[in-house]
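Before we start, here is the structure in question, set down as structure tokens.
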Amino acid sequence: MAMELSIIGYDPAGSWAKTAAGLEELLSYRNPAGINWINVAGLEDGAFINQLAEQYRIHPLTVEDILNTGQRPKVEEFDEYLFIIFKSITGRQGELVFGQISVVIQGNTVLSFQQSPGDSFDGIRRRIHDNGSKVRRMGADYLAYQLWDAVVDEYFLVLDSLGTVIEDFEDRALDDKDPGFIPDIQKAKQKLLQLRRAIWPLRESLSLLLKLDSPHIGSELEPFFKDLQENAVQAAEVVETYRELINGVIEINYASLSNRMNRVMKVLTIISTLFIPLTFIVGVYGMNFANMPELQSPYAYPIVWAVMILIAAGMLIFFKRRKWF
Amino acid sequence: MAMELSIIGYDPAGSWAKTAAGLEELLSYRNPAGINWINVAGLEDGAFINQLAEQYRIHPLTVEDILNTGQRPKVEEFDEYLFIIFKSITGRQGELVFGQISVVIQGNTVLSFQQSPGDSFDGIRRRIHDNGSKVRRMGADYLAYQLWDAVVDEYFLVLDSLGTVIEDFEDRALDDKDPGFIPDIQKAKQKLLQLRRAIWPLRESLSLLLKLDSPHIGSELEPFFKDLQENAVQAAEVVETYRELINGVIEINYASLSNRMNRVMKVLTIISTLFIPLTFIVGVYGMNFANMPELQSPYAYPIVWAVMILIAAGMLIFFKRRKWF
Amino acid sequence: MAMELSIIGYDPAGSWAKTAAGLEELLSYRNPAGINWINVAGLEDGAFINQLAEQYRIHPLTVEDILNTGQRPKVEEFDEYLFIIFKSITGRQGELVFGQISVVIQGNTVLSFQQSPGDSFDGIRRRIHDNGSKVRRMGADYLAYQLWDAVVDEYFLVLDSLGTVIEDFEDRALDDKDPGFIPDIQKAKQKLLQLRRAIWPLRESLSLLLKLDSPHIGSELEPFFKDLQENAVQAAEVVETYRELINGVIEINYASLSNRMNRVMKVLTIISTLFIPLTFIVGVYGMNFANMPELQSPYAYPIVWAVMILIAAGMLIFFKRRKWF
Amino acid sequence: MAMELSIIGYDPAGSWAKTAAGLEELLSYRNPAGINWINVAGLEDGAFINQLAEQYRIHPLTVEDILNTGQRPKVEEFDEYLFIIFKSITGRQGELVFGQISVVIQGNTVLSFQQSPGDSFDGIRRRIHDNGSKVRRMGADYLAYQLWDAVVDEYFLVLDSLGTVIEDFEDRALDDKDPGFIPDIQKAKQKLLQLRRAIWPLRESLSLLLKLDSPHIGSELEPFFKDLQENAVQAAEVVETYRELINGVIEINYASLSNRMNRVMKVLTIISTLFIPLTFIVGVYGMNFANMPELQSPYAYPIVWAVMILIAAGMLIFFKRRKWF
Amino acid sequence: MAMELSIIGYDPAGSWAKTAAGLEELLSYRNPAGINWINVAGLEDGAFINQLAEQYRIHPLTVEDILNTGQRPKVEEFDEYLFIIFKSITGRQGELVFGQISVVIQGNTVLSFQQSPGDSFDGIRRRIHDNGSKVRRMGADYLAYQLWDAVVDEYFLVLDSLGTVIEDFEDRALDDKDPGFIPDIQKAKQKLLQLRRAIWPLRESLSLLLKLDSPHIGSELEPFFKDLQENAVQAAEVVETYRELINGVIEINYASLSNRMNRVMKVLTIISTLFIPLTFIVGVYGMNFANMPELQSPYAYPIVWAVMILIAAGMLIFFKRRKWF
């Protein structure tokens, strides 16, 4: 997976986009008058990122955070720039793919670093090249908001498809022969844990951003970030609701299975219990004692049948009265 | 479902109500002196809502929130207006129907947007047309409070009917043959989850509103919004109590079923256990060995009966002493 | 249940008590120099309460709260008075009876509204008429404190009797034939839920009261309300402890029942298992084949017995070694 | 249990200790120059404590708290003194004994009230009489700290012995014949609940004390009370860890019992299942029909044996393949 | 285990390291111009540590905390120094080994106390001796950060290996014959409890440190400690996720075992239930009554077979229809 380097420049009057092979080429494209958006997709080339960071006076700890893709979402203010980390989440063949996205806002420049190339930002690129679009009239801070917003919007796609899976679980919960049910449930629970870890910290990150009063974020962006925060809270709530639904599904499955099992075992046991005393009786008259007077009586056989039928009927009535079946 | 457009104007001296077919007609009815309440029921016509919003200088993000009916309840202050989102909840044929209601308070005008036409506001309309009613003497902020209050009052209707359902569950929990019990319980739990998501955020929204000290809300309205907050907290508490009651009902159901099952199985197993040794004994004397001296004894048969009765009695006494039945 | 109207007046020098039939009579008794305590027991006569409220310039929302007995405990400060709502809890024949008590403190007057007449305040009345008692020397705020304190003290009576019930549960939990156990447990849990809803909000109400720095509450009353808060916290903690104890009791019950059941089933199953192979063997020699050489052998019968005893002993030893019984 | 009254006085230069029979004797011993520590062990004599309290201008609510031994741990500041309540916890024959200790710090005097005489303070007495010890050089606040610290140190003894009990539970959890296991677990859980109620409030009490900036506590004592707070937090954490461990032990017990039970029942049921079809076959040839051609065949008997062995072997292989045993 | 005493000095220009046998030797090596790092590995020699503490005017409570290895992680500011306690965690043969590390920052000196000698700091030593490394250019506060950071980095090694163990549990959960599963799960849960107690308090310690604005920590270190805090939060989150995963694994294990058990028991019981009525029938015709007309009929035997096959087939169809197998 090679690194993809691109730079997009724009101002209210126009826009252009370039891809670059190296740092010097990239920097040569910069346009000091308008907004510059440098996107680095793929973090394999640590040396390059270090050089780029040096160029923009980015703190070594920030570089470390950009390169180490196990970071929690966060917002950090430095003297010369604002640093944001969040996670892109996409579903691919039933698996969740998490990518780390780091954004640095510094004056008129936005640097974004994607763990792997993705198409989350294609809509934004289109809007930048669209004359008269809002993003063209706004600053670097609005571009950063757009990047973040695009990624958070994708969360809901993932959540929706997970919602369908969970609804499906409710039917499967009643089927006691579904061998994959328990592992699938566990997999969905793990996905929800992963989602929670990616989504929950957004709430505090955005609160922090709104409180920071950072010089890198214009005050006219406040409603946008508040809206983003609302979305993040909503996504987090959906995750929690799914967790509760899944627990409910597990409970249903458990109750339904154990209910069915109980009913089956009860019927089977009642059948056995009916016949065991009768089998004893016929056993008695199968004994070979020389002196068993009943055996000679011509009425004994029908009487034994009658007795056995009475016993069976009595037991059935007894069971029925106690509502055992 | 067509959009319904209505405008009501009033001042302490009088009131009038109009329905309009389009924006221009609507705006032409406006009365600059009194309070104007514009109600839009049905959000299908996004273009119309955009035009109306433009007319009232409403932020594009607010319009987005109005049109996207999946919003969380919230209060947002903008420079020129106060924006409130909450949910109407009504029960229809055992299902909960949620509707999003957005309210914009701007000077003497209240704009309200209902997801679908409903009769929640009929009482308020009646009071507006009632000479001498309080709402006629108060401002736009009081009208907004009335709208919100009317909707929150409806929550308690829904909660009451859900309460009856849950009380009903307690009887059903003891019946081990009710096939719909588990799915009904799960459905009620899902309703409670939905209610919680609609009701809980009201608490923070109203705290925020009370802290905001917004110029769009007069200070004489503080006790009213405090009261509304109390109601919201109470509704949220009822939801939580119901959740605990439902969990208790599930526990009762589980305990009662497994208790009954255990007792049944125990009795059945005791019956089997009593007869199995006896069946063995009669089997012994059913063997066809040439040399079985007991078979020839004239007392053997009654002795075998006596032995079997003793064994059975001994087992019964043993079981009884151990309190097995 | 008729409404009971009483007014008590006192100052350090003396005290008097009157009951009144109507508002005018009530007001005529008022003594502007001392403390006046007006107690309204029974809330049926809403019109009367409205008139009384008007007399004391009480906000309509407060009147609504007084009349609607489903309020949460709370403290609300208004310009002219302080408003307190709390719940009286008494046990009657194993049921909890909740009553709403509303108190308005306004200058030298305390208005108290009881949902139903009760004897919670008798002790306070006695102390008021007792020359030299502290309440006589203190203001209206101290009287309000006394009312509240008397009611919170009664909580502990209810909690104590519930504690006895829960201790009793621990014995019943070990008895697997107690049919009322599960419903009784559930009832106790519901009582605890009700108690929690009545007691928990006191903590925030009292914190709020202590923070309010209300002109209606003298600073010398702070230690008293702090003490009341301590009591409320303690009552809330007792409720939580009871909830945990009840959950423990349910667990004990479950474990003990399932343990007993398991042991019984194991013994019964071992008995069956012992005899089933033996019954097979005796069945073999009960077959009527013409050619079964063993049958003719004179030693066959004792040998079969020996084999069966060996098999039974072997199985018993095997079971014993595996510690199955 | 008689009340024990003692007074200890000290200053850097020297120390003395007296026991007194009554209030006047006690007060006569006071030394206005140094630190006076009055210890009252046993709270039976309420009248005496009231007199003593009056002497030191202690608020009636404080006296009530001292005498009512069901208080929660707390710190309360009054104008003339600082009031602290905490609980001593000692283990006696497997039972926890809780005692309430109240401490009043007023200028150079420390009044301590013990619910029952105990030896928790012996170490402190020894240190006071030890020339050159730190307590001799410090003020009344340090003495109060020492009293509290001595009691909190004892918590860890109780927690350690409870820890041993819980470790012991882990072995007992695997033994399915231990009849006292469930009651012992429940008892330990109740102890942990009691401990939590005694220990948790210390954290807020000490936070409060550290925030109070009380004139009765010198600023040089801050690190000591911070240290005490650390200890209280640690004790509270140990209690929580024990609660989790106990829950784990219950789970182990449950899982291990039900695992064993399952395995036993499975083996027993497999044995029964093996023999039931065979018993049926031998039953068939035990029938007395006149026309059963097989019976006459000389090979029938060995063939039946072969068939039965094949059936048994087939079932065993089937069970084995499905990994049923 | 003997105590190991070492002192490392450095400034931007150079560095040196010495080991010392006693206090005087140690102090003689100090270099007043550069940074001095004194490391004490092994806390057996309390007397030595007391002397060292006295030399650096360290509070007796700090010394107590250093020597008592059961402390919670914390940060404490004193007038003359900053005191930090944290835990080193290493895995050795499947067991977690916890060590307490105390750090005192005082001017240009860092004193570190390790519970037992370890190699966590080797990397830092190497960097100190590396000309041009960052640590050489920074102050004592950066060294303290490096020590803490090195230890927190090691947490992730332990967490990673625990993660592998938990993944392994998921396979083992489906195997109902794994005798060590439950004890291993319990062991892992205990490890997570221990880890939580070591890691959680770091979050508040670091928040406190960041708020303290201590003169012992330069402001340029803020991003470093923020980063450390992020790492601590992340470690704490991993611990919580593992706890949830383990609970999920227990649930899977329970569900899978009980599912399998249920299926096995059902099949076995169906086999028994099929044969019990048939065995009764053959028993009937094994009776020896003189008068059993059927016995003489030449068709009776095949008819009985037919009846039995019909009964068996009927039961199988009945069971199949009800989806019992």
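Here the chain labels run A, B, C, D and E in written order, and each chain numbers its own residues starting at 1.
Just so it is clear, contacts are C-beta pairs under 8 Å (C-beta built on N, C-alpha and C of every residue); 3 or more make two chains touch, one makes a residue touch a chain.
The structure displayed is predicted, hence computed values, not measured ones.
Visitor: Starting at chain A, figure out the least number of steps needed to reach chain E through touching chains.
Guide: Counted as steps through touching chains, the separation is 1.
Visitor: Work out which chains are contact partners of both chain C and chain E.
Guide: For chain C paired with chain E, the chains in contact with each are D, in label order.
Visitor: So, what's the distance in Å between the C-alpha centres of chain D and chain B?
Guide: 40
Visitor: Using Cα averages as centroids, what's the distance between chain D and chain E in whole Å?
Guide: So the centre of chain D lies 25 Å away from the centre of chain E.
Visitor: If you look at chain A, which of its residues touch at least two other chains?
Guide: 258, 265, 269, 272, 276, 279, 283, 286-288, 292
Visitor: Applying the document's contact rule, which stretches of chain D touch chain E when the two form their complex?
Guide: 170, 223-224, 226-227, 230, 233-234, 237, 241, 244-245, 248-249, 251-252, 255-256, 258-259, 262, 265-266, 269-270, 272-273, 276-277, 279-280, 283-284, 286-292, 322-324
Visitor: Spell out the part of chain C that touches chain B in their complex, as residue ranges.
Guide: Interface residues on chain C, with respect to chain B: 59, 61, 64-65, 70-72, 74, 76, 78, 176, 182-183, 186, 189-190, 193, 197, 250, 253-254, 257-258, 261, 264-265, 268-269, 271-272, 275-276, 278-279, 282-283, 285-288, 292, 294-301, 304.
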